[in-house]
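Here's a structure for you.
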Amino acid sequence: MPTHNFTPDHYHNTIGSHPPVLHIAPGDTVITTTVDAWGMDDTEKKVTDGPNPMTGPFYIEGAEVGDTLVVHIDRLTPNRITGWGRPGLAQNVVDPAAVPALPSRDLTVYWDVDTAARTATLRQPIGAKLGKFPLSINPMIGCFGVAPADGQAISTATSAEHGGNMDYNGFVEGVTVYFPVFQSGALFHLGDGHALQGDGEMSGTGVEISFEVQFTVELLKGVKSGWPRGENAEYIFTTGNARPLDQCVQNATTEMLAWLQQRCGLSAAEANLLMGFTVEYEVGNMFDPAYTMICKIPKRYLPE
Amino acid sequence: MPTHNFTPDHYHNTIGSHPPVLHIAPGDTVITTTVDAWGMDDTEKKVTDGPNPMTGPFYIEGAEVGDTLVVHIDRLTPNRITGWGRPGLAQNVVDPAAVPALPSRDLTVYWDVDTAARTATLRQPIGAKLGKFPLSINPMIGCFGVAPADGQAISTATSAEHGGNMDYNGFVEGVTVYFPVFQSGALFHLGDGHALQGDGEMSGTGVEISFEVQFTVELLKGVKSGWPRGENAEYIFTTGNARPLDQCVQNATTEMLAWLQQRCGLSAAEANLLMGFTVEYEVGNMFDPAYTMICKIPKRYLPE
Amino acid sequence: MPTHNFTPDHYHNTIGSHPPVLHIAPGDTVITTTVDAWGMDDTEKKVTDGPNPMTGPFYIEGAEVGDTLVVHIDRLTPNRITGWGRPGLAQNVVDPAAVPALPSRDLTVYWDVDTAARTATLRQPIGAKLGKFPLSINPMIGCFGVAPADGQAISTATSAEHGGNMDYNGFVEGVTVYFPVFQSGALFHLGDGHALQGDGEMSGTGVEISFEVQFTVELLKGVKSGWPRGENAEYIFTTGNARPLDQCVQNATTEMLAWLQQRCGLSAAEANLLMGFTVEYEVGNMFDPAYTMICKIPKRYLPE
Amino acid sequence: MPTHNFTPDHYHNTIGSHPPVLHIAPGDTVITTTVDAWGMDDTEKKVTDGPNPMTGPFYIEGAEVGDTLVVHIDRLTPNRITGWGRPGLAQNVVDPAAVPALPSRDLTVYWDVDTAARTATLRQPIGAKLGKFPLSINPMIGCFGVAPADGQAISTATSAEHGGNMDYNGFVEGVTVYFPVFQSGALFHLGDGHALQGDGEMSGTGVEISFEVQFTVELLKGVKSGWPRGENAEYIFTTGNARPLDQCVQNATTEMLAWLQQRCGLSAAEANLLMGFTVEYEVGNMFDPAYTMICKIPKRYLPE
């Protein structure tokens, strides 16, 4: 299958029915780059404006409304050594009475990212207790998705059924993601790489950085999905993007109920039983206009 | 330190300032039993009414308002072989449009619980795909806590700052739990054992069963806490109990910010930074009148 | 029918199954007094502690679980000339980013309440634009209700199916309120008078003041209700007390659907139709631990 | 000032930076038509697809980012005699346990709308109690707004800072609405007329109908607003569009705090005081993806 090397020369701040930058076929692989959430590239030069500039869209031949687009995240490599992020938690994630004691939202900390050692360390410690605060990196895609329905162009600050700014730290190398197709060609966009991120993106940032990305697409013709789904070695999972978190859980849980019946041939009763006793949840983000929750089922419980 | 063997002869459906069944001192260990959520004991006889009948309360000598009660969960052993649970998801955890397709709330499935093999299997399969659906048990306490402030007696169906029906599947053997003391003697109650439970208690039940329980108490004099906290080998964690889940997250996050400063001497800025990049969340329950979220920090990131 | 003059000598900070202060019969009228939210009486002396000390409970002869208690609010008269309230909005009612700019929660303003002229004016203006800021009074009961189910004692800071701290500015003289009975004798409590209050009690206070109150009780034997209901000259209404406001609306709307069928003999389809095109909503409070929404149907649309 | 008669020949299902259909100047009046939510025109012919097809956009000369567009709703006249709506409440507005008892979402009722008599009556009664169920009409605009920021095109099913599908039954003839300008020319869209609607649009519909509309625009150069604002004879008001309703209230309340300071020169302290004791709230919609709450201040309290 062909591998396309694509170098972006423009970016989008919405995910929508923009002119495609490349036509690719199911089975094709793309190697490309993404800039960071502020539009800074691998040379730390600002080449476009935020929020979350998207590389793409890529037009997948044969994708039609009602299909499901499969995206294998083959490789995610930070392609520079500087990451940045906010040191203070966001105002919406603490008790309202605790807001005045939060650090300023204007502060930024910089991280030295060593891709070989797979570590990020603070360039400038902010206190003696944590010092350079070395953390392991876990490169992830913050924002990706397909053109939404009805001709919408949805800000890359938020997320919905089409994907978008889900900021889930499980969208890492090796994961397969499934997006419902709402427009011919699907029109896949991606960007907003994080070298690492806490659950919930509680400060509104991870370690923000530019990436070299490799991904491979496939197409499930006639397979309908309602929300982004995913799969790794241990789990299948669904996402719900909304507010409040309760509704994210409702969306993701309902999508998983449907998927279990569709994928494994479970009856509704068995899908309920399986979920009730084995389901797991994770918080994607609780910062963006739409929050994200992840509903997971361990693959070891799925019937053959 | 003394070990008390206590056999309950009555139970409470609220957590409140009830007459204590036993006075114990910090350092003491208690071995006792709990009935299941419907009030069925180890012989499967209904000895009291639901919801979630509590064993206790235990009066801890020296506990005063503003202290923190420490409870080590030493051992949790299902003391009968039959567990039960609901096969269908709850109506509040799926999209409103998906409610009519849920299984009836009146259905119950029974589980054979083998404590030696640490498994639970369906007594009666509900379909061919899952069959007897063998699962590993992970015994946990669904509902426990201390008498709340202001003379309240709070239903064991729900939870708040005092603990209560948090239904978090991380409250297992080996965990240490910290409760804020709101009344002299703390007045510790416990019950509602589950042999296992999915995240969120999405069907409103785990595998409900009676327990033999052993716990040891300690007291942190003058150490103030706002919400239940906990600790296991890998994590420290806080709980938030409210609706919607967003508010649970706010409560638990704010409590963790405070604890990190109180316990580790971190500045507010460092506590924010530590949380923003390393925090993890889990869903306790999304079924009860108050939902529960867990905010976790890996111990490996805590400064000495 | 007898009129009872009752002078309280103690108060409760929870609504629960406390020993009754008076036994009364359906049809009886009670004239009594309430202290303000801080426990200050008609002489501005603090006679008990907050939050929201309750007068009562009153035991209504013949009231049993499953009945509905009827309370006519005959008269609400502020019985002193000083009211107080907070000048700043609460932290939970504005955007999280706007919290730091709010006035301090420790500030209090005092109001001169003229019951004859039916006005309240600021004792001390806080600025030139509003000056003494004269407002019309609209005396209302902030907190009242009956003993809840399962032996609970629920803080007067909050509300639930039993009523409680609903802080709805429509609970005024002339209104009839219906409470579900959860305990024998119903055990009616009341207090927390406001000379006036904005929608939502957005500063966490109205013009807080002590009252002389006259009310008359009746009993609807065998008439089941689920949440507090009310009635004035123009509307019937239901209340929902929960978080978030969405759930209050769900509770109140569902209760109204049931009441329309129960009271007017409407079919479910007609009750839906009536509500869909004529329903009105009001915000009770958005400050307390449980918020309150009011669902109203104009009486002119009710079939005879 | 010129009056433009504009007959639309195409419609939009998003509010976005679409090519303008007409350029108008501040002070100009437009007389035009709107089709109903399903795209049916004054002849009951389907001329375009839903959801909520918009007439426009109208480009207002001189409008730039950071200005506020003023729209006077001069006249709203249903231009046909048939309206339609759903008889059953939506699944998200009742308790989850009450969903299965709701009427089918596929049902539609038709209304005879008499613009002269200002009444709507059911063409076909659904039961004996309500019969033809005559209601007074109160024509309102369900969906209108300006092109949003960042090149977004937002579905007319929902609403945000730019306006959109707010479904507030107070957007009637005689009201002045203020929209923040996010794009040059503002790009004003409108449609989705209702002959009448209950609070909250709880069935997801009002009496849906096509309109003849007359509106006049003005421009407030350099006056910044954050959310749609409005004004009628008695009130100034702000809107908040989000989920849950709590966040709508936060948005609308914060916007009103800002407006009171901007418009009346109140200090922050006085704006808080004024709001805390006199604010009123209404539910716009609780059906659409974003809900809408209205925050109102009676004009009689505003200082000159």
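Going by the order they are written in, the chains are A, B, C and D; count residues from 1 in each one.
Keep in mind that, in the parts below, contacts are C-beta pairs under 8 Å (C-beta built on N, C-alpha and C of every residue); 3 or more make two chains touch, one makes a residue touch a chain.
The structure presented is a predicted model; accordingly, all values stated were derived computationally and were not measured.
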Item to check | Neighbouring chains common to chain A and chain B, by label | outcome: C, D
Checklist outcome for this item: Comparing C-D with A-C, the busier interface by C-beta pairs is C-D
Item to check | Centroid comparison with chain D (C-alpha atoms), farthest chain | outcome: B
Checklist outcome for this item: Between chain A and chain C, the Cα-mean centres are separated in Å by 47
Next on the checklist: How many angstrom lie between the centres of chain C and chain D, each centre taken as the mean Cα position?
Outcome noted: 33
Item to check | Multi-partner residues of chain D (each touching 2 or more other chains) | outcome: 92, 96, 243-244
Checklist entry - Given the complex with chain A, which residues does chain B contribute to the contact? => result 85-89, 92-96, 98, 101-103, 109, 126-127, 129-130, 133, 135, 196-200, 202-203, 205-207, 243-246, 249-251, 253-254, 257, 264-270, 272-283, 286, 291, 303
Checklist entry - In their shared complex, at which residues does chain A touch chain D? => result 13-14, 16, 51, 149-155, 157, 242-244, 247
Item to check | Complex contacts: residues of chain D adjacent to chain B | outcome: 90-92, 96-97, 99-100, 244
